[in-house]
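Next come the structures, one after another.
In what comes next, chain A is part of two complexes: it sits with chain B in the first one and with chain C in the second one.
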Partner chain A sequence: MTSPSSPQSPAAPSPPLSTTMLVDDVEVAVGKKENIIQAARKAGVEIPHYCWHPDLSVVASCRMCLVEVGDRRPNGDVVMGPKLVPACQTPTKPDMVVKTQTPKVKQSQSTTLEYLLLNHPLDCSICDQAGECYLQDYTFKFGHAHSRLQEPKIQRIDKHHIGEQIVLFTDRCVMCTRCVRFTREVAGTAELQVINRGSGEEIDVFPGHPCNNKLAGNVVDICPVGALCSKDFLYKKRVWWLKNQESVCTGCSTGCSIHADQSDDHLYRLRPRENPLAQGRFMCDEGRFGFHYVNDPNRLKLPIVRADRTPTDATSPAGKFDDPWPAAIQAVHHAMTRPDRKNIVILSPFMTCEEAYLLASWAKSLPSPAHLALGPVPMTGDDDHYPKGPKGESPSGRSIKFTIRAEKAPNRWGVAAIVQHWEGDLVDWSQTAQQLAAGQFQQAYIVGGASGYLDQLDITWVASLSFLTVQDILPSPLSERADVVLASGSFAEREGAFVNHAGLAQLIKPAIRSPGEARPDGRLLMGLVVRPGLYHAATIRDEMADIMSAFKAWKGNSLEPDGLMLERKILTATVVHVPPISQGGSANKGD
Partner chain B sequence: MTTPFEPVLLKRLGKPDSVTLASYRRDGGYQALAKALAMPRTRVIDIVRESGLRGRGGAGFPCGVKWGFLPEDHSGPIYLCVNGDESEPGTFNNRILLEEDPHQVLEGIIIGSYATRAQVAYLYLRYEYGRSYRVLESAIAELYDAGLLGKNILGSEYSLDIYLHRGAGAYICGEETGLIESLEGKRAWPRIKPPFPAVEGAFRKPTVINNVETLACVTHILARGADWFKTMGVPKDPANPRDLGSYGPKLYCVSGHVEKPGLFELPLGITARELIDHHAGGVWKGRQAKAVVPGGISMGFLSASELDTPLDFAGPGRVGCLGLGTAALIVIDDQTSMVDVLYNTCRFFAHESCGQCTPCREGTAWSTKILERIRAGHGQLRDLDLLMEIAQSMGTIPGTTICGLADGAAWPMKNALTKFRADFEDHIQSGKKSSTRTLVGAH
Partner chain C sequence: MTDKKRKTIKWAEEPKIGFAEAIYLPAIVEGLKTTLRHAFEPRKTKQYPEEKPDLPLNYRGLHRLNRDDEGRVKCVACYLCQTACPANCITIVAAQPPSDDPHWAGRDKFPASFEIDELRCIYCGMCEEACPVDAIELTSIYDLTGMSRDEMIFDKEKLLSVFDKTVGGDKDPIRTHHGALGPASEIDLRTAQVAPPPPGHGRPG
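After this line comes the complex of A and B, so read on.
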C-alpha cells in the first residue's frame, strides 16, 4: 500500500476470475451480502466510517467512508467511476476495483473530518471517550491538525435527562444516528430521535419519555464519539488505564460474551464482546451494570471456621502472617470424611463446569459419598425479547434480535449435566429443600457465587444439620450460620466454562484478583480435593471430556474465541425451576 | 420560432370560474383523459416518450422514460406522487397552475396514474399554499362527484383515488425521496439510492414522482399529440448524442429587480435577455442587470455578459450554471452587492439542509458564518479561497452527499466567487460593513 495512488493496471496478472475483487491492489474474495468496508477489512484496509454499524440499517450519511470504485474489464483494464461512493452502502461484486488511497478519497476524508470537528468541542481532556474515540483516531490517521473555523462554535446544552443510565454531551455528537437506529431497530422502543435541522440538529427524547429500555446501555458502546456516555462509568477511570479480559456475563442464561475492564483489581465496566454464537454485539443493562457486587467492600476476604458456631476467624489464634486456609480446609475435610454422616453437596449454577466437576468428583469419592444436587436456579418472569413492537409487544421467531432470559444464572446446563452424570436424574430444588427439611442429611456443603443468590433461601433446615460448609463471596444469612465459610471468587476472578441456554460453552477468564485472602473457586477446590498442582481449567476440561459424554466435544478444544456448541440433546434434561429469588445487586449499587 | 406562440398551460387563466369542473369541461377538459383511457396504457407512455417531455421539477429527466422504469411484473400497488412542494426560491409556477386551473393538473395526474398502473395518487402540496389546498380540495371533490375519480373512471375498468397531502414546510420535502419519507410521516431525510423510487418508493412500493407542471403538460400532449409538443422548443443537438432536446412550452417565473415580475409561458429556449427585456418589462429603475439566477437559486448565477444564454435544459449548463432547474429567474440589478446575495443564498441553504450528510450539514452553516463575518467587515481575502473549497467539497465532487441539496448550495457559491469575485474582494479590502437588509428571509 506504499504504492502511489495513481491509477495503475498492471498488465493483467490476474485472470478474469469472477469471484474476486481488488481493494488497493489486494485481491480478496467477494463475500455474500458484504459491503466494501467489510471486503476492505479482509484486505487489511481500514475504511473509516461513523454511521455504518453491521447490526443497523445503512443510512450512508456520515460520508466518511467515500471511496473510488471501478471495474476490472476482462482484458485487465481498470475503469474507475467518476463519483466517490459510500463504501457502507455499496455491495461488492466480482471484478470490482476499490481504491482508498487516491488523492480524491484522502481529500474527502480530511474535509469530512474537518466538518465533523467544526462544532465539536475539543474537550478530550475531560471526555470519557478519549482513548477509544473514533474522532480522535480518524483525525490522527486521516484528518489534519487544525481547524480553519474562526467563528465561535455552536454551544449546546448537555442532556442528563436522556436516560437513567446514559447522558448526552450534545455538542460532541457527530449525528451518525446510530443510537437512534439502535432504539428503533434493536430495542424497538424508539425513544431517541433527531430534533431540529441542519447544523442545529440534536439527539433528544420526547419530554417525559427518557431512554430507559433494558438495552439502553448499548447506545454508549455504539456511539463512535463521546456524545453518549454511561453515567455508571462517567469520570471513574481514563480508559487507557483499563485492561480488559474476555469473560461471560452471569446475569442470565443468554451468556453474553463480554469484556471485563479492570484497573488495579477494581472492575470498572463490562462491555459486550462480539460473538455471533452467543448474543451478537450487544448486552442488556441488567448484566452491564449488575457487576458492582464484585467490588463490594463487604466481600468475604477470609475463610471462617466456627467452633460451636461461634465466629472466630481462622487466622486469629495463629500468627498474623499465617495462611488462614489450611485450618479451614482441614475443618471441612475432617467433617466431610466421617463415614457415619450423610452428606449433601449443593452445586451452584454460578459455578463453572470445571469447578463443579472438581467438587462433584470429590464429593462422590468421600467415604460416605455425598448426594449431589443443583442449587436453586433464580428465575424472574419470562424471557424478554427485543425489538419490542410499537405498543411494547414482544417479537417472535426470526424477528427476535436480542433476548434477556428469565433464568438468571449463567451455567445451569453445565452444572445440571454434571449432577446428572452422577445422580442419574436431576431433582428440582424444592424437593432437595424438602429432603433437607426432613433431616435426611447431616452435613451439607453449599456453593453460592453471586450477589444475593443464597440470601433469600428458606434456611430453616439448617437447624437439622450437624455441619454446614458455605462457599460464597458475600455474607448471607446462610453463611452466618455456617460452620465453615470458604471465601471464594466472583466471575471476574474465576476461570472455566459456562454453558448457556443453547448449549454454547464459553470461557471466563480471571480479570482481577480476589480481595484479601479469598480464593477463586478453582484454586480453593484444588486445595480442598487435594489434587496436585495448580488449577488448570483446560486440563480439567479434557478430563471431563473423557468421563462425561455431555462434554465429549470439548476434548482438545480451546473453546476460543467464540466457544463451542455442545450437543443439545444431552443437555435438555427436564429440570423444574425453583420459585424465583430476586437477584440483589443487579441495580446500580455503589462500588 | 416565427409563428406566434399561443399559451396552453396558462390559457384559461383569468377566466371566471376557471377553477371549476364545469368551466374546465366547457373548454374541452377531460377529453384527453377519455382519449387516454380508450388506448392501452403502454400507448400513453409511448406518446409521452415520443413527445420528449422532460420533467419540469428541476432535473429534466424524460418523463416517459421514468414511467418505463416501473417493474412490469409487479403485482402489488404502485403509487404516483405529485410533487407540489415547490420550495425552490423564486419559483411559483405550480402555485399558479394549482390555484387558477387545477383541473388540467388533475387530468394529467389521472392520465399519468393510468399509464403507470397507479391506483392511488398522492398530491404532496407545500404547506404554505393554503389557497391551492382549498382549491384542490374542492376540485377533487367535484371529480369524485362527476365519476372522474374513484371506481371505474368514465365507465372504464380503471379506478383511482387521489389524496391531497399537505407538507410541513421544508425545502427538502421537494427532493423526491425526502417527499416520500415525509409522506410516510417520517422526517424528510432523503433516502439512499439504489433502490430508486421506481423500484422501492412510497411505503416500499414502486413509485413515480412527477412535478405538477410536468403532469399539466401530459394533459396537453394527450389532447394535441406528441408532434404538436415537439413543434416548440429546442431540438436535439445532432452533434451531442446524449442531448435529449428541450421541447414544449415552459412556465418561466420572473422575479427580482424587474419592472413586471410574473409568470410567463414561452417555448423552451428563449434567452434570458429576451425574457427580461420583452416580457418582464426590463430591469427596474432603468438599471442594468448584474446577475440573473436562471432557474431557482440553487442553479447559480448568469453574469450580465451571459444573458443571451438560451433558457433550455442545456443552456445554463454551458455557462457554468447547474442547469435550468425550475426556470425561475431572479434578476439582480447592478446596485446590489453579490456579497449580500450570496449571504442570503447560503443562509437559506444552511437553514434548509436536512442535516443528514456531514458535508452539507456543516458546510452550509460554515459558509454562512464566513459570509456573515465578511459582511460585518471582518473578512480576509483567504476566506474566499476557503469558501471556494467548502463549495468544492460540499457539492461539486460528485457523490459527496445523498441528495442534490448540497450541489444546489455549492453552485451559487462557486458561480458567485468565480464570476463576481471582484465584488467580494472590493468588499473585503474596503473593510466596509454591509448595511443592506437581507433580501430573502429564510422563513
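After this line comes the complex of A and C, so read on.
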C-alpha cells in the first residue's frame, strides 16, 4: 500500500507517524486522555452534551453527543463506522475521523432533544436557569421547535427538602446524573441518588439525609438545566440582567477563582471560575453563600470623625453636599504625622497586596515611623479535604480533589511578606496584642475588610491609645471607639492581588461601587498617602516588584487569566505561623 | 470647466402678472366662496370631550394585568416585559408564594410587586408581545390623568383593577389567546386542554 510507486503517496503525509485526527475536516493534534468532545473544541466545533463533565466519570447516558466516527487508512481512504458513537466516551486516537455535521448526526441530536423535552414542563418563564440553560441553547442550535407528543406530560412534585441550599424542580430534570456523580466522586458524601426506573426515574435523597455537604452548592452549577436551583438565589434576579466580574473568593486561603455576578451595584451570587492553578472548577458553600455582608444595609457609608471619642454617630459635615472625606483624611494625617507619638499600623489579611503596600510604605515614611504588624488571621479547625470516604473520613495525598482551608483569610501570605519586608520578622497577633495592652503605642491604625473580622478582637487596649483609626466596612465594637473611621470597600469593590496558601497571586477586580460615600481601600489610601494620580493596581504591583524580592516575579505580568505562582521559597521563608484565634466571642489573646 | 457649466444653467423667470390678478378681487371672491361652503357643510370634526372616539380594538392605551380563572394575578414574574421594555418603565419584584396557601396552589412564582410608570411608558406594546402567559395587555383607555407623578406609577392592585374594569366589555383587547393559559401559568395540563389554544399557538417543544 505504501510503496513509493503508488501514485498518491508523494502528496500524502507519512501515515504511520500521524499524531493528528480530523474533526469536520479540521486537523487537530491528538492529546493524551482526551475524548472527542475535547478534541472537537480544539477544532472549534461544539459537540452538545449534558451528562459529560470534565471532572466527573463518564456515563454516556444523555446520548446528546453522538457523532459519526471513522478511520483514515494509510492510503488516504476514509472509512466511517456504521453506527453513531458517544463523543464523551470515545477516546481519541491518531487518524481518527469525526463528523459532527452529517444528516445522521443532526437527526440524532434533534430527536434526542425532542425526547429529553417529552416530559419537560417548558416553564422557562419562571425557571431561574432560563438564559443560561443548555436545554434552551441546544434546542435553539440543534433541536426543532415542535413536539409530536400527544399524551399529557408526567407531573412531578418539586423537592424543597433536598438540601438546605438547593431545591430540586423534579420535572425539569433530564437525568444526566451529574449531581449524583458529583456527590459521589468530588464531595464523597453521596447523598443524591436516582430512584425508580424508566420514565419514573427521579433524583432524590435518602429520607432524613438531605444534601447539606459543604460543596452542595456546586450541583446547582453543574446541573445543565434548571432542575437544581439555589435557594439563596431563587427568583432574585433573571440571569440576563447580571454582569459578572472576575474575582477571588475571600472565604479561605484556597482563593477560589470566582465570577461575581452583580446588577445595579448589588451582588447577587458568586460562581466558581475554572482555574487549574487555584481550585479547579468548584467552590465551597461557605464562600459561595458567605458574601451577603457586601450588600448589608449597615455598611459604613460615611467616614466618621469623633472629636472626643464618645460613641456618637457620624459628624455632620458642614453642608449637605460637602465631601466628608477631606476632614477625615486630614484628621488621620494630622495625628499620624506627629513626631512625638509611637504609631502602629495593623494590616489585615483581607487587604490586597497593593493596598497593604501603599499603607505600609506610608507608615514607614512618617516622621515617627510606625511599627507594622499583621492583624489576627482567622482560623477555624483544620483543613477540610474532599472527597470524603464512606464513613466521612478525609482523603489524603493525590486523591484530594478539593480543600477548604482552615485559614479563613485570602491574603495572609501577601500581607505577611510586606510586613516582613519592613519589620524583618513577623510576630504573631498575640504578641502584638500584648504590646498594645502594655501601652507601647499611642496611636494605632487598624484595617478590617470583612464581616465580623474585627468583632472578634479583645479591645481592652483601646483605652491606652490616644488616637485610633479604623478602616473597615461594617460597624464593630472597635470602630465605635475609634477617633476616625474610614469607610472602605469590600472585596467586590476593590482591585488588586491576593496571594493564596500556595503562593498563587490572583487578581480581584471591582464588580460594584461602594455604598454611599464609602471608598474602596485603594482610592482611600491614595488620598491618605498623598500620591499623585488615581489608584492603578498594575503600576503599584510593578513598584512592589522592584522593591520586594517576594513579588519580583509579577513585574510586568498582568496576572490574567489564572494568576501567577510566586516563588514559594521566598514566601515560606518569610512567614511565621500565626496561631489560630477562636471563632466564638472575643479571644483573650492580649492578656 | 466652471465657465462651461455656468452656461448650461437655465434661469426661470417669474411669470408676468395680468390685470385680473393685479387687482386681487377674483381671488378674494374665490376664497370667500370656499369659506362660505365650509360654513354651511355638515361638521366633520369630533366634538371631543362630549363625543368620545370609537377606537379600534388594537389601540394601545393603559396597561392591565389579567387575572386567571381563580382570580389570581396571571403574571408569573418572568421579567420578560421588563426586559423587552424600551423605556424601562416596568419594575417587578418576584417572590415565591407560601407553599401551604391553597390560593397559590400550583404556582411557583408570582409578582410580589409590579409597577409601571405610565408617564415613562411610550405605549409601544412590546410588553404585551413579550408576555408568555398573556398577563399584561394594553387596553383602549387613553385619557389617563393624575395630579402627581406618584399617582401615575401604577402598582399591581391598580393594574388589576383596570382588568376588572375592562374585562368583558366591548373594548376587551383582542390580540391574545382569550383566556387560554400559556404553559407556565397552569399546573394541570389536562384542564388546559379543555380550552385549546387557537391555531398557530400550539404548545411548542
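Going forward, the second predicted complex is superposed on the first by the 548 of 591 C-alpha atoms of A that agree within 3 Å, B and C clash if a C-alpha of one lies under 4 Å from a C-alpha of the other, contacts with A are read in each partner's own complex, and residues count from 1 in each chain.
Assume a residue touches a chain if its C-beta (ideal position, glycine included) is under 8 Å from a C-beta of that chain, and two chains touch if they have at least 3 such contacts.
The shown structure was predicted, so the numbers you read here are calculated from the model rather than taken from an experiment.
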item	value
Chain C versus chain B on the shared chain A, clash or fit after superposition	fit
Chain B versus chain C as contact partner of A:160, first or second or both or neither	second
Partner touching more residues of chain A, whether chain B or chain C	B
Chain C, chain A and chain B - angle at the middle CA centre, rounded to the nearest 10 degrees	90
Which of chain B and chain C A:235 touches, first, second, both or neither	second
Partner chain in contact with A:83 - chain B first, chain C second, else both or neither	first
Contacts of A:119 with chain B and chain C, given as first, second, both or neither	first
Partner chain in contact with A:146 - chain B first, chain C second, else both or neither	second
Lowest C-alpha to C-alpha distance for chain C against chain B (Å)	15
Doubly contacted chain A residues - partners chain C and chain B	none
In the complex, chain A residues that touch chain B	58-64, 66, 82-86, 89, 104, 107-108, 111-112, 115-116, 118-119, 148-151, 174-175, 194, 196-201
List of chain B residues in touch with chain A within their complex	170, 187, 189, 192, 350-359, 361-366, 369-370, 372-373, 386, 389, 393, 397-402
Chain C partner contacts - residues on chain A that touch it in the complex	117, 120-126, 130, 139, 143, 145-147, 152-153, 155, 158, 160, 169, 234-236, 238, 240-241
Chain C to chain A touching residues, read off their complex	76-80, 83, 94-96, 99, 108-109, 132-133, 182-184, 187-190, 193, 202-205
